[in-house]
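Input: structures, listed below.
Consider the two complexes below, in which chain A is the common component and chain B and chain C are the respective partners.
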Partner chain A sequence: MTSAHKSTFMAVLAALLLGLAPQIGAQDIAIHGAMSQSFMQTSDNNYLVESEDGSFSIFEMVLNTTANIDAKTRIGAQIYGREFGHLGNNHMLVDWAFGDYRWRNWMGFRAGRIKFSLGLYNTTRDIDMVRNSILMPQSVYTEDFRNVSNAFHGFEIYGSVPVDRLGSFEYHASLGSAEVDEAYFLHDVFIKVLAAGGQIPPSLGFEANLDWAYSGSLYWNTPWEGLKIGGSFVTSDLYAEESFATPTATLDMSLDMDLKKLYVLSAEYMRDRWTFAAEFQRLFVDIVVPDVPVFVPDVGVVLMDIPADDRRGGYYGQATYRASDLLELGIYLSVFHPDWSQRKVGTAETEQKDTALTARFDLTDSWLMKVEYHIIDGTGDLPERLNPDPSQLVKSWSMIAVKSTFYF
Partner chain B sequence: MRILSRMFLTLIAAALLNAAAVAQDPGVTAPAPVRIIVNATNPVTSMTRSRIAKLFLKKTTKWDDGSKVLPVDQDQESPVRSDFSDVILNKSIAQVSSYWQQQIFSGRSMPPPVLVSDQAVAEFVKSNAGAIGYVSVSFEINDMKVLIVDE
Partner chain C sequence: MKRSICISALISTLVLIGLGTAAAEVVMIAHPSVPVDIVEAGMIRQIYMGQTTPWNDELAIAPVVIKAGPVRNEFLKTYIKKSSAQFSTFWKKAVFSGTGTPPAEQNTESKLIAYVAATPGAIGFIDHDTAAEGVKVLSIE
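For the complex of A and B:
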């Protein structure tokens, strides 16, 4: 389905919800939305966007509608668009759209396009109003990987099972597949392979599909009120194609990715005005880029399969304090290793430690501002795409970000 | 960049001072309790605070007999809403608002309807068997049940 088709589908769905829902007895129809603009500037290095000179190219918008059909059944959909550096280009895409039948508290069923219940915050990672920081800890909520682990088309069962004095257990189990609209994580694999051959030609188009994605999560709401711990995972296969314009011809490349495991272990504790969260993520991905033309001396150009496995990992700890209705303060430490096995090496390119001080100002019921300062050590999460000369990277650097969001 | 950094640190300092001022404000007193009300036909007579919170946050959506729970909220600006958030939900109104944003934008749930007075809440609870609401302690209650809140 192309972006145009998705937008049309969304418009039809919205019309159905808004126009026909009353005729089929739907109640509580609600429409919500938000629009955000950010500014980021780094002291050195380009991070996520071309940030060294300061960048306003981070813009997001979201619109959703839901309707209760009866006491157990709801339908809803959300469209989301963004410009995030070169990502997004403001195309509005279906973020989620599903029907939900909550049979009992301990079991419900969803079908449609559904967000992966990955980590504590994947289902709401695009929604600025629900969190304190502008930039989520990138060790776990990597922007470059977002579209691979964002949502799928398929089915999900979920529920909350009370266990007497032990609290309750929340679970999700899902099965489906998905198109991946854009993913710098995959684009960067091609770039790395091409850069090894001394060229980074411009991209002409990208396509990827997740096949048979399985995912699940289990969280324990402990008897200690406010303390929740648990884990989640996604397993899938992915096939991606990208075309590049070389000086002589169009170069079509593809890759097979075996997402063996992406898992997140999570803990959250909320007490009074404090919220503490900590998460740990590991990624086990085997990637093969087949039939890459490689020049071999005395032989000429031969086609080779190039491996590009990824074993990244990271973790963060975060604390936020709601000081007043106007103000919420926060701090987090996020540690990322592009190759987990190299985490003890301690060089700039094997890690990236981000200490962020964050402040959120709820100026009105529909307008908030955020400002944050990051002290960053390491260059392990800086792609060649934005930093083509590795010798120019600076190990210790900082970033400031400002964001304004209007919502209803 | 340095100027921006200094601006940020100044903002943080101002924010911390603001937080300290709020914490030390002698005008801030312990919140008054609220009354939790259900329909007269509801067999429930008492409930723990955390279970009441689950009903209002829609983490539990059914009564023990399987019927649907219909929580009803009060206006965000009302003192009784503030007391209810502090005493029963153990969260500030801003935190509760953020919770509902999470539910709305993940497609998981929608917040309870908001009514603008104790009288309107009472009427709603009277006319809906599965309803649960809260009113100020000064509000006169007839033909409804006031739940005993256990810790």
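For the complex of A and C:
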């Protein structure tokens, strides 16, 4: 069964479960959804999509339903589809689908497909209505890495523990595995290896599996009203395969990824009409692409194991101000380094600093518009697949984005 | 000069749109089946943030809010410590991450009182001066 078939199976299973909900006495059945269309254009360079000429190829849709079985038990499922440049192709996939039993305030259990509780916003990163900006700070919420750190199949324990005058602590601990249907983070590893050999052949298919992912988070709702701080992590192994069409034959490649650690440190402060957030992320990944055919002069073609470790890191600070029911304004600075150890070098390819000015207009209870302008310095987050000639990259560039979302 | 005056006027108008709601004193009401007569402020917050378990094994907590207006704003500011927009965003996050069911919403106080009177386990809030029939008024500690 391919990952696409598994996702379809999960979607049907989720629909059946929720269809059965009324038969088993479930109450408060709710259905919610949203649909978004975006436009992005950059002054130079292609970013996330083929943006230099302007791109409408960013479309998202989401639909969910939940039901209360009894006073402590809930079930629910959400399907999500998107076109994000070459990502998604509008395939509707199960975003999450789980049963939830809240035994006590301080301990509940979930089983099914569950979002990783990673950073402040990973569980809602696809939901446009809950944030101010169109594009989340890419230093922490990287689109190319989304499918690796999005969700897993497994179990989760969670709870909220009040500690008298010290506020309260929220925790999540989870264990599971997952198929990864597409991940440009991994695709780009193969592309880099192939580009070193002077060719970037078209892909014929990609599949990856996340094995035994452990994750956890701990947040402290401090006694200082509105201030929340904490951290979260994921660790796992991953195996990926991709086939490429070379001029002479099909080239099958694979990689082993040891996701040693992905962690995020977070802080959020809400006060009246203001919300401030800051997060810092580091990724420690060891990758080996085995048996890569390499031409060695005087020897011929030999198979070699090519390392492609990733030590990226980044951080952002964000402020938003709700001026009225209609208007919310925001600003963020997002700093990304593809290799954290090179962060002080200061060249274009070792960093990408994004200053974003954002505005959100809540036009009705179910329709919002967003517009934002980005001033970007550096090219450290621009993949070769969208920018095949590195000599053409421009260090200082800008981007404008517009988005409209309908929801219910 | 004209341009800066226009921008200032626009910003002032936008800010004023979100201001100007008078503070209201609220009281908590509940369905007669609710097995408490006194609620702590901390418990009110837990209930409306979805961080609490049922009244007992048989009776779920069914919080309800009024959709808009000064009573809602005052309640959220005093007990939940959030603005109306922050409260809405909090529950949208819960809905779309599957982690919670938001409080029911009613457009008017009379509908809210009727909802609480008809729904076992329900808890809500109304203006101090509004008459409440068919429900019990909870004391707040």
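Note that in this section the second predicted complex is superposed on the first by the 389 of 408 C-alpha atoms of A that agree within 3 Å, B and C clash if a C-alpha of one lies under 4 Å from a C-alpha of the other, contacts with A are read in each partner's own complex, and residues count from 1 in each chain.
Basically, a contact is a pair of C-beta atoms (placed from the backbone, for glycine too) under 8 Å apart; a residue touches a chain by one contact, two chains touch by 3 or more.
It should be emphasised that the depicted structure is a prediction, and the values quoted were computed from it without experimental measurement.
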First, second, both or neither for A:104, with chain B first and chain C second: both
Dominant toucher of chain A (residue count), chain B or chain C: B
First, second, both or neither for A:398, with chain B first and chain C second: first
First (chain B), second (chain C), both or neither touched by A:130: both
Partner chain(s) touched by A:43 [first = chain B, second = chain C, both, neither]: first
Touching partner for A:311 - first (chain B), second (chain C), both, neither: neither
On chain A, the residue positions that both chain B and chain C contact, one per complex: 28, 30, 32, 34, 62, 64, 66, 68, 71, 76-78, 96, 98, 100, 102, 104-105, 115, 123-124, 126-127, 129-130, 160, 225-226, 270, 272-273, 275, 322-328
Residues of chain C touching chain A in the complex: 11, 14-18, 42, 46, 51-54, 57-60, 81-83, 85-86, 89, 92-93, 95-99, 101
Chain B-facing residues of chain A, complex: 28, 30, 32, 34, 41, 43, 62, 64, 66, 68, 71, 76-78, 96, 98, 100, 102, 104-105, 115, 123-124, 126-127, 129-131, 160, 225-226, 270-273, 275, 321-329, 357, 359, 362, 365, 371-373, 398, 400, 407
Chain B to chain A touching residues, read off their complex: 1, 4-5, 8-9, 11-12, 15-16, 18-19, 22, 50, 59-62, 68, 76, 90-95, 98, 101-102, 104-108, 110, 113
Sites on chain A touched by chain C in the complex: 28, 30, 32, 34, 62, 64, 66, 68, 70-72, 74, 76-78, 96, 98, 100, 102-105, 115, 123-124, 126-127, 129-130, 160, 162, 225-226, 270, 272-273, 275, 322-328
